[in-house]
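Order of writing sets the labels: A, B, C, D and E. Residues in every chain begin at 1.
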Amino acid sequence: DTFALVTINQQALFFNQINEGAQKAADAAGAKLVIFNANNVPSAQNDAMENYITQKVDGIILVAIDVNGVKPAITAAKAAGIPVIAIDAQIPDGDNVAFVGVDNTKAGEDIGKFYADYVKANMSGTAKIGVIGALNSFIQNQRLDGFKKAVADSGQQITFLDTVDGQNVQDVALTAAENLMTANPDMTTLYATGEPALVGAVSAVTSQGRTGDVKVFGWDLTKQAVEGIDAGWVTAVVQQDPAGEGKAAVEALTKLKKGEKVEPIINVPVTIVTKENVDQFRGMFK
Amino acid sequence: MANGSVVSIAIFFLVVCLLFSVVTDAFLTAPNLLNIVRQSAPLLIVAAAMTFVITTGGIDLSVGSVLALVATLSAVTLQAGLPWPLVIIAMLLLGAAVGAIQGFFIAYERIPAFIVTLAGLSVIRGIALLITGGYSIPVEATSPFTVIGRAWFLGVPVPALIALAVLVVAYLAFNETRFGRYVTGIGANAEAVRRAGVDTRLTTLMVYVLSSTAAAAAGIILAARLGSGSSNAGQGFELEVIAAVVLGGTSLFGGRGTLVGTVLGAMTVAVIANGLILAHMSPFLTPIVTGTIILIAIWLNFRLFRGAIRSR
Amino acid sequence: MDSETYRVRMTGISKRYNTIQTLDDVSLNLKPGEVLGLVGDNGAGKSTLSKVLSGAVIPDAGTIEIDGKAVSFSSPADARAEHVEMVYQDLSLCDTVDVAGNIFLGREPRRRVLGMPFLDKKRMHDEARTMLDRLGIVIADTRLKVENLSGGQRQSIAIGRAASFEPSVLIMDEPTAALAVAEVEAVLDLIRAVSARGVSVILITHRLQDLFLVCDRIQVMYEGRNVAERRIEDTSIEDVVNLIVGRKFQARSARQDNGARA
Amino acid sequence: MANGSVVSIAIFFLVVCLLFSVVTDAFLTAPNLLNIVRQSAPLLIVAAAMTFVITTGGIDLSVGSVLALVATLSAVTLQAGLPWPLVIIAMLLLGAAVGAIQGFFIAYERIPAFIVTLAGLSVIRGIALLITGGYSIPVEATSPFTVIGRAWFLGVPVPALIALAVLVVAYLAFNETRFGRYVTGIGANAEAVRRAGVDTRLTTLMVYVLSSTAAAAAGIILAARLGSGSSNAGQGFELEVIAAVVLGGTSLFGGRGTLVGTVLGAMTVAVIANGLILAHMSPFLTPIVTGTIILIAIWLNFRLFRGAIRSR
Amino acid sequence: MDSETYRVRMTGISKRYNTIQTLDDVSLNLKPGEVLGLVGDNGAGKSTLSKVLSGAVIPDAGTIEIDGKAVSFSSPADARAEHVEMVYQDLSLCDTVDVAGNIFLGREPRRRVLGMPFLDKKRMHDEARTMLDRLGIVIADTRLKVENLSGGQRQSIAIGRAASFEPSVLIMDEPTAALAVAEVEAVLDLIRAVSARGVSVILITHRLQDLFLVCDRIQVMYEGRNVAERRIEDTSIEDVVNLIVGRKFQARSARQDNGARA
């Protein structure tokens, strides 16, 4: 069997871990896995899927950039009898057989709730927060919206300062984060919606010498983030299980191939990593 | 025109096609070839217009952003209930207007095209982002609008037919009209064309109107094909378009342009992208292989046709 | 003299480039069918003055009348509309356009195909060939790009272009500088022929002997000003040399009796 | 050199600075100003080298990729235990080698710079990706290597000092040496320079060595500052660099370059990015406002200094 | 004649561009201190032949000897090393570089500052000024970019550049085409002066009367071939005209006794 995995880019660790998880599962199932990297271009995903359909692969795994813009290709795949499984980003009313992954809005709410509780417990209920986002990323926008909703619902006195655009690129995020801190000397907390943003935020806090008075919350662990957690100024990081998502997707395709049924929504839970549970993730960053 | 380069890129194109026909089974099948032409329609349309721009010695970096803006606005206006023919007309007019504004600064205020269209790139994509708030906006799959991107006519995908029509018109305009003559002349010696009594400023403005309108058309096709308008659409599209044009043998210094070359350049880029996917190339190797193929092939061709490609 | 009898009247023309006053209150008059020789030292402002008349340079001050009517040229298109044509010293050719295309630049003949105005390329090449032959110019093919032609061939194309479209004023800025002897003769013949048809000609040249073959009058410029005007009958080559240089000057290369004998 | 444009961009720069000083409190504070110069060090260094490239009439699109490759390889080699001075030397040599290869194709094989460096952009970033496998590779915070990016010396950030040194050397090389003369001459009339007995091919090759080496230096600084090497570093960096150079008044057609203008252009871009954040501008409006400011300011300046900026 | 006595011997030079055989088995000999006039119709191949000698064009066939030594020029740098200098017909100036920079292009004087070789700009401007004055050229400032200079000023710069660096062979391709009368005299004086110092000169010009003022010998080309060679004492301007045109030709502009009288 040949399965195709259409991903967003290979510059974020997250997507590469999906690839690895999928590859391992494919090897285990004796299937061939081909990977296409769309380099953040939505139409390239569409093009690649069409190419795979003409080539009649046995299944497609999709990490969508533009969740609406891939629908025609998914429909075409269905028509050609090729099952499509979406990972990480759900397709609204899509023809994909299943969705594997995290509900980003929901997980955003989770970390937002964790944050509000932290503010209540450790900062006497008041905090000012700056955000480093990636406006060009659909799912990162969802993570921000969920976060904001949970914070608003919590009733704590939390002021949202500026949101800056890190464009999902580390050095851009770093510069933006530094400027964000200069612009808001009274900022006490930071929220970063993805891996490049978190790397930029962590570097900026260090370089500006603000490790004493800024607490960082964010998504996707890296070595620097682990060090920050150890030092205490990175408070919590949402860690997804991308390898698990990749594995689950391939396993679902294998099942379908055998004629078995799969659940339309396969949830892969996230973990909020803090000082307490960081040790179990340390091994990833040796 | 730059005949040597056209021959060179034509041979290169054939070699690449041959290679993929041998290496993969799926490449030389009708569905795949039709896929390629459908997928490359936006590139072909914009590259044809960009050939005019570059031949005048200009550049238009804003085409990717115009494409994104038009794709999102098409989706938005369709969702708001505007009839689809009106949407198409409005979007093409919007493209023309954006081009006219940029062309005004370039032709009449003589600000370098690179700066004007780089500012345009930033502003226009910014507007698209603002409109969508970073989300993507769906187009009803039942809307007749999607015909433009998805339907087939006489066994050929509609986008490919649109691209063909645009290319024929562009070819005639470039080679058989005064306008095309002046475009080449402006690139060679703008002052000489002005002294010949030609309104060089209007001609220059018009090429930017062309490129932005073409980008708008590409945006419509893309929105119709994907059934969605996303402000992320067409990121880096400008470089892809310029690469196709330059690969075809048009000189970035102006004065030497060829539409046949542009078509071959664009198709070469499209075929390489398609072929590498079909050949199951590892995604880590894809950019390396793509760049290397292009460089080596241009280089070999140059060795065979010494003098065919000019450094300027 | 009545201004009605003038084809061109330029008065009080001034033009300044940064620190250099290139033209300083210069006048120029030209009657129908007259051939005026415009001479002067290098950098005297001859080219700039003639570009003002062809619309390529906009003067800081001064007025232009054509056939008694005040005109104001804001671009070469305006001057062309008044039938002023010019052969520029730098030739103003588009290197990557072919010979016929350069000759017809801005005036390409067209034919309608399905109502669309397409270039009539066949006519362009045929007529270009006729023009070149008339000027005695040997160019193998009117489809050649002008970039690789020899200096004289390029100059011939510029001349062909300006002379072929029924000008009423023809300005030639050193048209014979790069031409060989037979081609020079052809240009001088051309000047005589067009002036006989009533075309007014301004000839800028450093080949002073040519002036005496075709000009009716000579106007001398010096550092951006008019310094003298002579009817051709009233002057000699030595006189003109002295006016150009601004002092008594012995120019063996411009003497009447120079050179070798068999 | 292009004096008019330098005056124009200088005034523009001052106006922008003034504006942000008035609108925000934080802008005109020492920490913020030092922040800006530290952040813009990579841009300044690469833009200085790019000024040479563009003045010859060339272009180098691969600088962002070289930056990424060097950033990742620095992290990898440091992790492998190589001593940091060796890493720096090796990385600069790597940059020079990459530039020499690209320069060879451009200068000796006469393939258009746009195509060669576009292929380079793709291949080099591909190699960076392949090396890292997409992971970002950490640099030990305790390594003396990070001094290059983070330390202060005499109250000034080290990256800013490095940039200053590079700029002084570049200024002297551009204006006071034969090499700089030939760079300008090649852009104006390469054949004339060749006929004057100059080895124009070697000179052309050298400017690409310069730009790639500068990109390598920028990559080292960035890795040291971020404490991490990532293959997505410097995406779109090439456009930012070229924009700074062109904004400063250097002509993309070659022959007219100014390093003072480049510095002002780069600082203007950096100040706008910084100031808009300090002014609490919505991120959705930032690209729109940035583009508009640049366009309007260039335009006003041009109206004041008519003729200062050339359309070519 | 012994080949040792020749400064330059070019034999069997051929060059083809696409369909055009620009040079066909052409020879050219030149003795030390000799001034050779190279004439011919437009497109005859004069510029191409001289570019072969200056290293700017690489011939398809043929040999070159300088002072009896066989040389092979693969670039102008090689020819410059043999002290061959040329004034190109297209001038070959860098428009955006200043006057002094163009004159010294490729040979900029340098001074060491802290061991670094920096341009000696003061010396460049001073020496450029001296050179221009010697050629009698009026240019306000050696810091001006050459792009805005007049045609004659530009040509003077190209001449100044080639003549000032102790050439042993000086090729001048229509050096006086754009020059006014006094400047022409200065160039002719220059040719006489350098040839008296032993420099061999090739002068390409369409101003035939000048040939008789400075040349020792004349070589005529026609459609890429040598067609005649004359010692200056043995010929006349009419003879040369007929050789150039290839048939009996009446050129009033090249007659000895033309033109006006006071």
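Convention: a residue touches a chain if its C-beta (ideal position, glycine included) is under 8 Å from a C-beta of that chain, and two chains touch if they have at least 3 such contacts.
Protein identities per chain, from UniProt: B, D = ABC transporter permease; C, E = ABC transporter ATP-binding protein.
These numbers were taken from a predicted model, which means no experiment stands behind them.
Graph distance from subunit A to subunit C, where chains that touch are one step apart, equals 2. Think of subunit B (ABC transporter permease) turning onto subunit D (ABC transporter permease): fitted on CA atoms, that turn is 180 degrees, to the nearest 5. The chain with its Cα centre farthest from the Cα centre of subunit C is A.
No other pair of chains has as many C-beta pairs in contact as C-E.
Chain centres here are Cα averages; for subunit A and subunit B (ABC transporter permease) they lie 33 Å apart. Centre to centre, using the average C-alpha position, subunit B (ABC transporter permease) and subunit C are separated by 44 Å.
Separating the centre of subunit B (ABC transporter permease) from that of subunit E, both taken as means of CA atoms, is a distance of 49 Å. The geometric centre of subunit C is 27 Å away from that of subunit E, both derived from CA atoms.
The multi-chain contact residues of subunit E, meaning those touching 2 or more other chains, do not exist; every residue touches at most one other chain.
Looking at subunit A, residues 10, 135 sit in touch with two or more other chains. Among the residues of subunit D (ABC transporter permease), those touching two or more other chains are numbered 129, 133, 284, 286. Touching pairs of chains, sorted by label, consist of A-B, A-D, B-C, B-D, C-E, D-E. On subunit C, the positions that touch subunit B (ABC transporter permease) within their shared complex are 54, 56, 75-77, 79-81, 86, 88, 92-97, 101, 105-108, 110, 116-119, 121. Against subunit E, the residues of subunit C that register as touching in their complex are 17, 19-20, 39-44, 47, 89-90, 137-140, 148-153, 156, 174, 176-185, 188, 206-213, 232-239, 241, 244-245, 249, 251-254, 256-262.
Those residues of subunit D (ABC transporter permease) that touch subunit B (ABC transporter permease) in the complex are listed here as 57, 59, 61, 105-106, 109-116, 118-123, 125-127, 129-130, 133, 190, 239, 242-243, 246-247, 251-253, 284-288, 290-292, 294-295, 298-299, 302-303, 309-312. Within the complex formed with subunit E, the subunit D (ABC transporter permease) residues making contact are 172, 176-178, 181, 184-185, 187-189, 191-199, 255-256. If you check the complex, the residues on subunit A that touch subunit D (ABC transporter permease) are 9-13, 15-16, 133, 135, 161-165, 167-172, 174-176, 178-180, 182-183, 185, 195-196, 199-200, 203, 206-208, 222-224, 227, 285.
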